[in-house]
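First subunit A sits with subunit B, and in the next complex the same chain sits with subunit C.
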Partner chain A sequence: MTTLVPAQRPVPLPSPERRGRTEIADRVVAKIACLAAGEVPEVRGVEPRGLPWAPSASEVHGGRATVRLNVRVAYPAPLPAVAARLREHVIHRLETQTGLDVTRVDITVTDVGGARS
Partner chain B sequence: MTDAPIGPGTPADATARPGPRTGAPAGTAAGPGSGAGAPAETAEPRPGPGTEARLIADRARACPGVAGLSGGPFGTVATYLPGERLPGVSAGEDAVEIAIVATLDRPLPETADQVRRTVADLAGERPVHVRIDDIIVEGS
Partner chain C sequence: MNRKTGRGNRWGLGLVGLALTVLGGSALARGLGAFPQNWAAARTTVVDGNVVAFFARTSPWIWWLLALAALVVAALALRWLLVQGRAEPRRALRVEAGPEGVTDLSAGGIDRAVAADVESGPSVFHAAAHLVGTRPEVRLRVVADEAAPMDELTRHLSTVALPHVRDALDRDRVPAVARVSLEPSPAPHRVVR
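Moving on, here comes the complex of A and B:
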């Protein structure tokens, strides 16, 4: 006596635009972060900050990104408030533009004052 | 009976053999834009990895939000064709890789999905990995 087991259905393929990875290079994240930082009004200058062993200012691992920036801020502006706003803006821009999860944005204020660039 | 199919076959091969030789310099010298007619004629009737990669490259380049193709990290994403190297597309047996330079008009995942959708029929069931290798910023 045999019972017929229904054949296992093949797993349906995902839609074409979901078949495969999307990788975003480090320098893309760094460029977008610099542009976004320049959009904050108190910021007078931005440059990406690399490390000796990681020359790019950002690293992408999986779906997560970290960014390091050197900024010059207008004087007199409250630095913690500017840094908080800068961080929020950079994270928002990066997340809408790249879809990555930004886990940290390290900001170093290297100088104050200076003309608006 | 067996001679008849072979007979036309060998001259076809013999005539086809100069094809890539004339086609490859045309492709490298004139580029895909100006010499579109001549390389297409030599490439279309011979299905193979080269034509597939070229088609994928052309379609990816035409996508909105794509500024061009890139070699990928260390120039590793490329297809090696007789006498020519096609950077930016690598169509293997189990995956298709495309490395692009994008613009910032739209979010990058949307651009990647658009590229995937455009080459979906060429890729078949293979996954298409899109790498955004660089971006072009307007006004700088």
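Moving on, here comes the complex of A and C:
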């Protein structure tokens, strides 16, 4: 014996921009930060800096990111000014490209001088 | 190995050497009969009746004392071994610290840049630079040509090398000490055709 069940009414879908979640990996943030840092004219070289307990140069937690960079800067460019410009540029670039709030950019100038690489 | 470890090693080696010298010297003196013969006779074994009597008299607490001394020596030796791995602390200068992050400067990089800057000066054969302290000071060691006028070198330092350091650190005042040694210029190569 068969009985007919009434057809299920389709559940209305949420609006398209709410279907799913976007996550941006630490690695990606680190890469964008390195590229942005390389765009500052006085910067001669950039590499991401991990820590012994956090090998990535960047950490993302709930829409906030922190970045650590090792840079080589032209000599004798004023290091505090270059660092400030670098920080500002990296923050701006990350915020426009990923929408993350960058709370901290730690910079270590590991070397000065040398040709642009 | 850092400077502190090196000093510790010199002290440790000195003390061990002193102890061994004293022990060896007294064994030699005993063999040559320099000690009173009723106390340590030259022609007997080292562990003679006197020594056996001493341990028999002081037993058993002497063994506990010896064990304790051995443990102390072992602990000191182990510590001496472990400090060999101690590295020179990484020198870094904090350029600025704000809520948006800190900026550090590794001293090695700027040391090399300053040294290269000084070496570019007239009649400088070799230069080494060290940035020290949190309010940075520059220590320079310069090897220069003894035939060259000194004021050329000081002018190069005060108009090129040191202003560059001040610019890079963005400070109005960076004290500097330069130790200059003068050497004869290397003899020109004579080519015989």
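Convention: the second predicted complex is superposed on the first by the 103 of 117 C-alpha atoms of A that agree within 3 Å, B and C clash if a C-alpha of one lies under 4 Å from a C-alpha of the other, contacts with A are read in each partner's own complex, and residues count from 1 in each chain.
By definition in this document, a contact is a pair of C-beta atoms (placed from the backbone, for glycine too) under 8 Å apart; a residue touches a chain by one contact, two chains touch by 3 or more.
Computed from a prediction, not measured in an experiment: that's the story for all the values here.
May I ask you to decide whether A:Arg104 touches subunit B, subunit C, both, or neither, giving the answer as first, second, both or neither?
second
Can you tell me whether subunit B or subunit C touches more residues on subunit A?
Ranking subunit B and subunit C by residues of subunit A touched puts C first.
Touching A:Leu35, do we find subunit B (first), subunit C (second), both, or neither?
first
Counting only touches as set out at the top, which of subunit B and subunit C does A:Ile91 meet: first, second, both, neither?
A:Ile91: touches subunit C, not subunit B.
After lining up the shared chain so the two structures overlap, which partner does A:Arg44 touch, if you call subunit B first and subunit C second: first, second, both or neither?
neither
Under the stated touch criterion, which partner chain does A:Pro78 make contact with: subunit B (first), subunit C (second), both, or neither?
In the superposed model, A:Pro78 contacts subunit C only, not subunit B.
Return the residues of subunit A at which the contacts from subunit B and from subunit C coincide.
Dual-contact residues (subunit A): none.
What part of subunit B is in contact with subunit A in the complex they form?
For subunit B paired with subunit A, touching residues are 73, 95-96, 102, 104, 107-109, 112-114, 116-117, 120, 123, 125-135, 137.
Can you list the subunit A residues touching subunit B in their complex?
It is residues 13, 16-25, 27-28, 31-32, 35, 96-99 of subunit A that touch subunit B.
Using the touch definition up top, name the residues of subunit C that touch subunit A in the complex.
Touch list, subunit C to subunit A: 92, 95-96, 100-106, 108-110, 112-113, 116-117, 163-165, 167-170.
So in the complex, which bits of subunit A are touching subunit C?
Residues in contact with subunit C: 66-67, 72, 75-81, 83-84, 87, 91, 103-113.
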